[in-house]
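Input: structures, listed below.
What follows is chain A paired twice: with chain B in the first complex and chain C in the second.
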Partner chain A sequence: MDTIRLYFRSMKMLLRSHLQYPASFILQLCSQAVMLGGELLAVLLIIDRFDSLNQWSGGDLLFFFGVMSVTFYIMECFARGVTSFGPLVQKGTLDIFLLRPRGVLTQVICYQLDPRRLTAILVGVAAMVMGGRQSNVTWTALKALALAEAIVFGGLVVLGLFFIEAMFSVRSVKSIEVVNALTYGGRSACQYPIDIYPEPLKILFTAVAPFALTIHLPVSYILGKNLFGWPDAAAFLCPLAGGAFFLIMYVLLQFALRYYRSTGS
Partner chain B sequence: MPYIHVEQLNKTFVLRKRREKGRLFREKTLVHALNDVSFDIGRGELVGYIGPNGAGKSTTVKILSGILTPESGDVTVGGMVPWKERKNHVRRIGVVFGQRMQLWWDVPILDSFNLLRDIYRIPEQDYQKRLRELTDALELGDLLRTPLRLMSLGQRMRSELCGSLLHRPEILFLDEPTIGLDAVSKLALRDFLRQENRQNGTTILLTTHDMEDIAALCPRVMVLGHGKKLYDGALPELLSRYDTLRVMTVRYGMDTPLPELPECCRAERDGDGYKITYAPAEIPTAQLLHILQAAGDIRELTAQPQNVDHLIAAMYRELDL
Partner chain C sequence: MIKSYFSAFRMRWKMETQYRGAALGGILCQIFFGLILVALYRALYAGRPQTLPLSAVVSYVWIQQCCFRIVTSAESGILDSVMTGQIAYELCRPLNLYGYYFVRDMAYKIVGCGMRAFPMLVFAILLPEGWGISAPASLPGFVLMLLALFLGLLCACALDNICMAATMKTLDNRGVASMLNLLALSLSGNILPLTLFPDSWQKVITLLPYAQMLDAPIRLYTGEWAVAAAPRVLLVQGVWAVLLIAFGAFLWRQNLRRVIVQGG
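Up next is the complex of A and B:
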């Protein structure tokens, strides 16, 4: 409880600090909207040219795009500290966290907020609504649950990926570009259904960064597609892999932090 | 058992050099940051910790504050091993790095302090009382609603100190707190530290390059060089070891020639006077004065002790640091 209160108080303070520069804040809100809006436009163009991609209709693609964007940008917005963990290690801010009687992860999450991403989240929601309408999704309680799972566990995968980035920056200062390919690359790639990709990418996003399990499956269920012949329950059970991925990365990060404390920066 | 107990502390860093052409592996060099360092510090002591850059001072502070784990050696601070019980340990310590700020940049410092209250779980009543105490002592009252980024360096340092003392730490580690401060801020800061030490019995370990800080504050000083402890004791005693030469400038009324001086003195012309360098151990000052006075009417005489920085530089040179 205490930690949650600390989180909300931190967020309140950080929001105020962003509002110190109102003009820049509004402009950045706009820029975020334009940025993701541009990507949305690209999807719309593709839909316009080709009515469908494999088994996926235009509405389906929009819906995929929306879910992935919402998942990713919620994390970028409310757990910005984690998504910029790498730079925090490089700047030596980690030392300050280690000097306080709280968990490092708690402090990292409480350290930054990126409210500019709110518009990006909104664009994602808009894409989801539009896509859902076009594909005539009829919402049921189970479908809502599938969507919630996709966003929650997909978000955990995103955090886990940023943990990898943090581990790399503990070990050596500049090799995070490799990991960026997984984080930001994963986001871009998994805005589309996984099965349009060649085999190696499918494996990458199933076994390594399990976006296929956390997002692709539940969204397929919502859109009423067959799940590779798997029973419907798979749409609810597979996303849990995202939680497992997060836990593994969390444990590895603890090892990395122990290493940091024995080597210094 | 002393409050801070350090015995045979060792810490080695592995430095990886950039891989040279034609070599398969990068070369590794071992740096012994700390080499069998031992010391005890009692509760409420104010200790200065000096040494040239790279001597291992920051490494010691990092180990004592629980950020780093050493290779070998025993360390207990108030009965706890810092790196084993990190969270319980850091509750009792305050750390100020002169070059690294812990407060938030864009918000009024009061907001930062409030958040620190939540991080350290300080009870509200205690927090208000302590905040008033500190803002009075550090003259921060008018600045509480000013964001850190709009403050001068001196104001920032005072805010940082306030932030690290809110939870009433038993020990305060200061890493070059007066770096870049003007004379007035420096003096104010020293007064504050002395007062904090006396009134609250806070144990303070002060790392600095500013010898004036040490001279003004610390009855005890430890010198570290190449990862080894070289001296532990009072500052005047340390200085007297290296304070071997004095300089005296003398001016006579007319063109009085310089009297015959004993061999151990070195004299050179300095404008219309003479600059005499001598070792008090070889010729007492009084005797030298006597000789100078006998030669004629002295118009002006100045005797300068050597500057503390020079003494320390001489010491570092002698110890080959």
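Up next is the complex of A and C:
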């Protein structure tokens, strides 16, 4: 409870520090909107040219894009600190964190907030609303639950991927771009439903970084389609895999931190 | 004069070739993105074939991924230089600062691109039919593409320097400059090949400076623009290169006239 209060206090302070430079802040908000807007434009143009993709209509594709973006950018906004493990290790700032009477992870998460991403989240929400309308989604309580699960557990997968990056930077000091491929590549790839990809990519994003289980299954349920031919209950049970993925990465990160050696500068 | 630009270029060249490990990570990352995009376009084409052949789109994706470094700018040096007061020393040098930063940027792009492009091209050639890059449409087309690539590089560096001039003025590289950068990603065909934009848009988009960087060379490579059309393409590129360099140099002259030296 105390930790949560600490988190909110840090976020409030960080937000205020960002708002100290209003002009710069507004421009950054705009640039984030331009960034995701550019990707949204690409999806819209693809729909314009190709109409549909396998069993998915244009509206479905927009909805997938929206849910993935919202999930990813919520994490980038509120858990940004985890991605700054690399610089923390390089500068030796992590030493200070180890001395304080709080968990390292709590402090790292409280260390940064990226409110610029708010506009990216909004663009994602807009894509979701547009897609839902075009695909005539009729909302029920169960569908709302499925959406909540997709965003929460999908977010945990993203956080788990950030943890892998953190582990690499603790072990090898330099942050490794290969892990980036999984995080950002995963985001790009899983903006589209998994069943359009060849087998190796399907396995990668189902069994390794389970975006297919956490996001694509519940979203297909919302859209009234069946992704893998599994019963409806799977749409509610499979996202839990995201929680398992997160826990494994959490334990591994704790383990990696035990072998942390300061750069001492 | 030319000699000093050349040595600035060489210095940067040497610096960039130091980070071979990082380049390897970058290559793997870029290959992975390339594979994802190719898989996506293959799935899209399976549903609804287009007049533009799939092989042209796949080649487009691979060349974009190989030359990714030409589009993105990584020069935050000018901001540091102004913020720390380093600019005062740079102004003392008997050099045109615009030219100095221009060649530095060019070295960054050529090295970054070269180190990544060759291994990636080998990989893209070895990939099975339909996944990898296809051979150029014709030999003259290939030679013209190299020429177009050079003109595209000039345009890219000139655009970067205009961004730098904006950064110098606002002392913030995240606002205007980053927006211009993000615009570049969409309009240069990095996110979605310009060849897949609606046909009516293409008439305008291909004339914009962003399309000169990679889109024009790629179209010459895939033969979408015939060899006969090449003089017109190269002329458009050349005109943009001259205009952008002139505009950038003008902005720099304006900025340097009243630069504030900070730091101590």
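The criterion applied here is as follows: the second predicted complex is superposed on the first by the 258 of 265 C-alpha atoms of A that agree within 3 Å, B and C clash if a C-alpha of one lies under 4 Å from a C-alpha of the other, contacts with A are read in each partner's own complex, and residues count from 1 in each chain.
FYI, a contact is a pair of C-beta atoms (placed from the backbone, for glycine too) under 8 Å apart; a residue touches a chain by one contact, two chains touch by 3 or more.
Predicted model, so just to flag it, every value in this text is computed and none were measured.
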Task: Using the touch definition from the top, say if A:S10 reaches chain B (first), chain C (second), both or neither.
output: first
Query: Between chain B (first) and chain C (second), which does A:D2 come into contact with in this model arrangement: first, second, both, or neither?
result: first
Task: Return first, second, both or neither, reflecting whether A:T138 touches chain B, chain C, both chains, or no partner chain.
output: neither
Field: chain C versus chain B, contacts on chain A by residue
entry: C
Message: Looking at A:N54, would you say it contacts chain B, chain C, both, or neither? Reply first, second, both or neither.
response: second
Query: What part of chain B is in contact with chain A in the complex they form?
result: 13-14, 59, 62, 65-69, 83, 86-88, 90-91, 93, 95, 97, 100, 102, 104-107, 111-112, 114-115, 118-121, 147
Task: Sort out for me which residues of chain A touch chain C in the complex.
output: 23-24, 27-28, 30-31, 34-35, 38-39, 41-42, 45-46, 48-54, 174, 176-178, 180-181, 185, 188-189, 192, 196-198, 201
- request: Can you check the complex and tell me which residues of chain C touch chain A?
  value: 21-22, 25-26, 28-29, 32-33, 35-36, 39-40, 43-44, 47-48, 50, 172, 174-176, 178-179, 182-183, 185-186, 191-192, 196-198
- line: The chain A residues in contact with chain B across the complex are 2, 5-6, 9-10, 13-14, 16-18, 20, 92, 95-96, 98-102, 107, 261-264
